[in-house]
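To keep things simple, chains are lettered A, B, C, D, E and F as they appear, and every chain counts its residues starting from 1.
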Amino acid sequence: MQNQEENYLPTLITATPFEGRQLAIKLARKSIGAIQPDAGIRQQLRAAYASDTAQLIASAQVIATEFQTIAQANNYWKTTD
Amino acid sequence: MQNQEENYLPTLITATPFEGRQLAIKLARKSIGAIQPDAGIRQQLRAAYASDTAQLIASAQVIATEFQTIAQANNYWKTTD
Amino acid sequence: MQNQEENYLPTLITATPFEGRQLAIKLARKSIGAIQPDAGIRQQLRAAYASDTAQLIASAQVIATEFQTIAQANNYWKTTD
Amino acid sequence: MQNQEENYLPTLITATPFEGRQLAIKLARKSIGAIQPDAGIRQQLRAAYASDTAQLIASAQVIATEFQTIAQANNYWKTTD
Amino acid sequence: MQNQEENYLPTLITATPFEGRQLAIKLARKSIGAIQPDAGIRQQLRAAYASDTAQLIASAQVIATEFQTIAQANNYWKTTD
Amino acid sequence: MQNQEENYLPTLITATPFEGRQLAIKLARKSIGAIQPDAGIRQQLRAAYASDTAQLIASAQVIATEFQTIAQANNYWKTTD
């Protein structure tokens, strides 16, 4: 099943830092989707964690970690280095 | 909706380390905003977590992680390297 | 027993970023298998944590960390550097 | 208000590793201050978390992460490299 | 007592990525042994955490972090670089 | 008071990886000492967390993070690079 999954990450390269943030959020969500593949259950769960600050903060930690990788891949979007 | 969001991160480059800290805090907050887009709910939640030390510490962890990325992007604000 | 385990990580190199994500998920699962080697117990546990958002988010954090290593190993899948 | 805040981080460079540790602790504290700006509330909260080992350990994690950044900025205080 | 401890880490270099994973698991265990040196107590505790998914996931996070260090030390087991 | 503290970190350089682990454990402990400076209270707290697996694992996470920094400072104890 894992192999039939859509290729949600063709590249780590993004045009801008902001698009890099959006990719980081996407990667975090896809990880959760890999563990809980049932979209209906995820939808139910979402209502709960979006109002639980501890979980919001933990989610922000995942995004920060994913963004580190993306920012490095893009050499921090510095045009000259 | 994600695409209509304001571009809150035009660059990772900041003039000073202190501005880098402020950007790290902003990124942490924007991550939470991406998951819980309702500002009213966030406002209610804020009162709770700002008085919960475990959540304050977890927030500081997110800021530390975001700051790592920003500090690297700015070559630690070293003028010569 | 640890030594008789299958070699589940012949290499950190993957053809694409997406395969790198899949490897990150595999590594996270193998870590859990190393601590709880009983597949039956893991199966029982899985039902529980796949519906617990805090644990889903914590799992996503592990995947993000493993992916950092894999992405670095693959030089972020950049063909020229 | 964020902008009127004192500049608590003029530089990431410190003379010694030990001063780097002290700066890491300071950064961790300033993050908490940014989220909970009321010093009176922080004072009350401090008594609680300083006797809660889980929170002490979580605080040590923040310090470790901040120190990584500071140590990198100072090239690990190696005089020749 | 810490000084009389066996030298469980003569080197970070391993022949293969898989051996690197095994070393990461060993390091994680040794950290726990350093804090709780009583093997009998650790044995009792083990039964508990091996059936607690939150703790299994937290353990996997430690392994992922240790593995980052080991993978870097081994230049990701790339023969030419 | 912070300034009168002993200089517990004269250098990040250690002779061996094993000494690097011991330094990582020391740094983790010193962070906790910085937040809870009362040794009597720390002694009392220690009994509790050394039997709480979740806290043992969290402590191992701090040690892993500190060790990353120390290992980098020592170029992974590779004699030639």
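Some points to look at:
Following the convention adopted for this analysis, a contact is a pair of C-beta atoms (placed from the backbone, for glycine too) under 8 Å apart; a residue touches a chain by one contact, two chains touch by 3 or more.
Protein identities per chain, from UniProt: A, B, C, D, E, F = Hexameric tyrosine-coordinated heme protein (HTHP).
Predicted model, so just to flag it, every value in this text is computed and none were measured.
Common neighbours of chain A and chain F (chains touching each): not present. The centroid of the Cα atoms in chain A and the matching centroid in chain E are 27 Å apart.
Computed from the mean C-alpha positions, the centre of chain C lies at a distance of 16 Å from the centre of chain E. A separation of 31 Å divides the Cα centre of chain B from that of chain E. Among the residues of chain C, those touching two or more other chains are numbered 49, 54, 58-59, 61, 65, 68, 72.
If each chain is drawn as a node and touching chains are joined, the picture is one closed loop, every chain linked to exactly two others.
Taken in ring order from chain A, whose neighbour in the chosen direction is chain B, the chains follow as A, B, D, F, E, C.
In the complex of the two chains, the chain D residues touching chain B come out as 2, 7-13, 27-28, 30-32, 34-36, 41, 45-46, 48-49, 52, 54-55, 58-59, 61-62, 65-66, 68-69, 72-73. Residues of chain F that touch chain E in their complex: 16-18, 20-22, 25, 49-51, 53-54, 56-61, 63-65, 67-68, 71-72, 76-78.
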